[in-house]
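Two complexes are shown next, each including chain A; its partner changes from chain B in the first to chain C in the second.
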Partner chain A sequence: MSDMAQARPLADAVKPGAPRQPWTISAKLVDTAVQVAVILALAAAWEFGARYGAINPFLLPPLSVVLERLWSDLISGVVPVDLGLTLYRALTGFLIGAALGITIGILMARSALVRWFFDPLISIGFPMPKIAFLPIFILWFDIYDTSKIIMVAFSCFYPIVSATYAGTSGLDKWPIWSARSFGARERDLLWEVYLPMAMPQILTGLQVALPVGMITTIVTEMLMGGRGIGGTMITAGRFADSVGVFAGILEIIILGFVVVKGLEMIRRRLLVWHPESQR
Partner chain B sequence: MADAVIARHETGGAGGGVHAVVNTVVRFSPLLLLCALWEFLGLSGLVSQQMLPGLGEIAQAFFRMLFEGNLLYNTMRSISRAAAGLGSAVIVGILTGLLMASFRPVRLLVNPIVQIFYPMPKSALIPVVMIWLGLGDSSKILLIFLGCLLPVIVGTYNGARGVNPFLLWSAASLGASRSAVLREVVLPAAMPDILSGCRSALAFSFILMVSSEFVIATDGVGYMISSLGDGGLYPAMFAAIFFVAAIGFAADRAYAALVRRVLRWREA
Partner chain C sequence: MMMAAKAHHIAQAASSISIHDVSHSYGGRGGGQVMLALDRINLDVGDCEFHCLLGPSGCGKSTLLYLIGGFIPVQAGVIATAKGPVSGPGPDRSIVFQNFALFPWKTVKDNVLYGLKKAGFDAGEREKRAQDYIDLVHLTGFENAYPSQLSGGMQQRAAIARTLAVDPGILLMDEPFGALDAQTRRVMQEELRAIWRRSRKTVVFVTHDVHEAVFLADRISIMSARPGRIEHVIDVDLPKDRGEEILEDPRFIQFSERIWRLVREQAVAATRGAH
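Our next item is the complex of A and B:
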């Protein structure tokens, strides 16, 4: 196992005798610098390629034009409203899915009745493309926030519940026995033993579910129209407003990056005690 | 994760024939319960027939679409697009991932791009491919390709980087060339990670296939579902939705079976 953890990239591993200790930090710095340079070079290629006609400016408007649009929309309040709505729908749905998924996952691991009921529903529902059910939710709950949030919660639920169940059902029995022998009640066991031990897998489930929830939010917004990044982008696309489309893409890249990295940070905080953070 | 749930039952139900049948019935009885609840809600009038058409009606609509309508044609159109996008993403993704793990310049070049685009919800690209390639097949194939590419690259890269260095050193000391090491050692050792990357790509391909057809399309099963819904033909819409969901389920199960075959050489 420790072999795997210390595995080095193939390029370095094939040539033994490559980097030594004092060089590692500066090698890392070089890596970072090169990667930042790559991004800057891409941005420059985008800007000048579109500006001087190498790229059709309708298909890819110059970066500066897109940023200008982003800035003016930011000032006029369009962007904050769109971002806020999208984030609200995505996170509300995600949190509902997480609350239900974690609760049911733990109950499944601990009660045969709950397991009997949910097991077939989850093993059949997990691999299905949940987004296909969107028209049903539109039919049931209309086209406003309710149906969007329920759709997001529905698609986030499956990865979370199956990860939680997998995490809580295969627990090592020794910590549980020792906690019991120290007089822990079932409620203490849940908070002090089951949840912490299953936490890495639950968090992995959440990390799978969050991007799925974002994808679903965007699609529901595109399909139902109205405000929100997805709705604004698809309107821009229908009116052949390519600057608007790419402004939306930039917004969404930033939003996705912030949300996903935020969850990674939460994982590191919650798992400070866990061996995975120590390496 | 869901595999574990299913596998437990497959191995656990190894009793006699009758026993196995009883087990299966007991196992899937919650689904029957749900169906009964569905029928009850519809028949009792608690929920209108529009919202919750009877299961018999849905089945009838399904067979009518299957034999007389164009359900099969639209499904084939959708699946061929998903297969084209997913297939090219798998090939390009595995090659890119292996190159990234083997050559530092490639890694430094590709890694920032992957880092930026990985957290982006790929459905946001729907209007972009619409502007680039219009409403036809190519825009959806490009969307599915882009959406499936990153999970494959990341899976391959992580798998290839995690290869036990002792394996690489032994192969090299036995005189294997660089490309032979890649082919004979790195690729098989990374296979479990590659295959799990491809599995998320498979799931994404279905999501993107259906959602792109909801938003921009002139045919395909997603388009069919949304036009049935717009036309108020709800039993047929429910039937088409369940059909797509069943195909997605079947594809995932078939893929899981394939993975078990490919990885037979690993000790279970």
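Our next item is the complex of A and C:
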């Protein structure tokens, strides 16, 4: 909140569409170009290293072969089904974890009773490897989607509930007092003040939880088998199909990148008002 | 109860405030030391009066303002307006805080619209009033800017527009220009005085700046530090229309000197007390 007191250069506010200084654009362009170049160089090293025998092609098949497999699996429908299943499990679990985490986090900040109940549970649960619960979840919820989704929700819950609790407790009182002086009632304050104020921290919690959810999805799929990227990779590994394993790795990389970037975009959209978006 | 009834009776005029025997202390919970912040405050602020609470830091002037605003509960005594004893915040007593307290996630216009919506204006009227008050504080063109994109002075003007737009009978101001640079502060003081002359509201304005108090107020309450008491209530005997030129008027200078001496006594006493 201390940002508010600082006067920002007015040029930012007056002409949002005004041309920026030329060096900022080129610096960003150089950044992106370097990043792309590094990835391309690594891809090239992979391809040629494997192709010209520097590396055993069974241990590391050339990138082109992996891409070919990815393409044929895409045509045959294996990849879309796997991607769809993995994405469905990851996002459903993530959303359940988010709904519970945000709700309980807010309640903890508002009510001492809820805080007393959940605080010890979260202190113990947060640092614990959540995957330890998998065997019991399999017993309780069998080996199909339910147990995987619950496992994902369970692992996403902790970072989200802690971030929401931190974000909604100890809020700056001034906007709350303003809202009350305009006649806002206690139940309006949640949607009109508490949530928007805590939004940066809640989103940070979500951004921490999302990759955790992706990891948990892949691991549960690997451990339980069946379809989904993780399951297909484990099957490929069992049949010594290293090309199949690498195809799975590429799928995960692309999926993870898209999902994480998507959440970043949502953050920018929701926090246009925040100084972080005006840099 | 009898006191409440009496205070209510006193506060008859549309937007007057009556403060009767109000004391307030902080701490004391969990065996901590109790600090008396306000000691038996009695004060009547008349309808359409511009009243300044002036005193050294820690004299409880902000506490008194928050009590009038209903943000902290009255512990002892009664504060009443025409609507009866104050028991919580309400749109009849709007406040401008030192740190603006705008909603940072809303644009200037949405900040102003928020109060209007709460006050129950219909959609067309809301738009019109919001624009009128944004124009009034010279923020035309910045309707869609977020607070973080504005300078401190502009944020404070947005906060004032938001508060004035709902047309409160009583306007509470807690060192609203404290965070501004000297030039902006001077301009804002002139604008506030001009706006007040036009809109005729009851204003309670907290400040520790003698010149600000003398320039703005009809009456000044000089408070002592810890425990906060009202030591003097002084009528500002200056013309109602005050522009920049009054700052050089010998009457203004003499009067400021007099107030300064009274405030200084309190400040010195406070420093001695602290040692």
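Criterion: the second predicted complex is superposed on the first by the 247 of 279 C-alpha atoms of A that agree within 3 Å, B and C clash if a C-alpha of one lies under 4 Å from a C-alpha of the other, contacts with A are read in each partner's own complex, and residues count from 1 in each chain.
Convention: contacts are C-beta pairs under 8 Å (C-beta built on N, C-alpha and C of every residue); 3 or more make two chains touch, one makes a residue touch a chain.
These numbers come from a predicted model, not from an experiment.
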First, second, both or neither for A:Pro275, with chain B first and chain C second: second
Chain B versus chain C as contact partner of A:Thr217, first or second or both or neither: first
Most chain A residues touched (candidates chain B, chain C): B
Contacts of A:Pro175 with chain B and chain C, given as first, second, both or neither: second
First (chain B), second (chain C), both or neither touched by A:Val245: first
Which of chain B and chain C A:Met265 touches, first, second, both or neither: neither
First (chain B), second (chain C), both or neither touched by A:Leu139: first
Interface residues of chain A shared between complexes with chain B and chain C: 3-4, 7-8, 10, 13-14
Contact footprint of chain A on chain C as seen in their complex: 69-71, 88-91, 93-95, 97, 99-107, 114-115, 118-119, 141-142, 145-153, 155, 166, 179
Parts of chain A lying in touch with chain C, wherever the complex brings them together: 1, 3-8, 10, 12-14, 174-175, 177-184, 192-193, 196-197, 199, 272-275, 278
Chain A partner contacts - residues on chain B that touch it in the complex: 1-2, 4-6, 9, 26-28, 30-31, 33-34, 50-51, 101-104, 107-109, 111-113, 115-128, 130-132, 160-166, 168-169, 172, 178, 181, 186, 203, 206-207, 209-211, 214-215, 222, 225-226, 229, 234, 237-238, 241, 244-246, 248-249, 251-253
Of chain A, residues touching chain B in the complex: 3-4, 7-11, 13-14, 16, 31, 34-36, 38-39, 42, 58-59, 116-124, 126-136, 138-140, 158-159, 162-163, 165-166, 205, 211-212, 214-219, 222-223, 229-230, 233-234, 236-237, 240, 242, 245-246, 248-249, 252-253, 256-257, 259-261
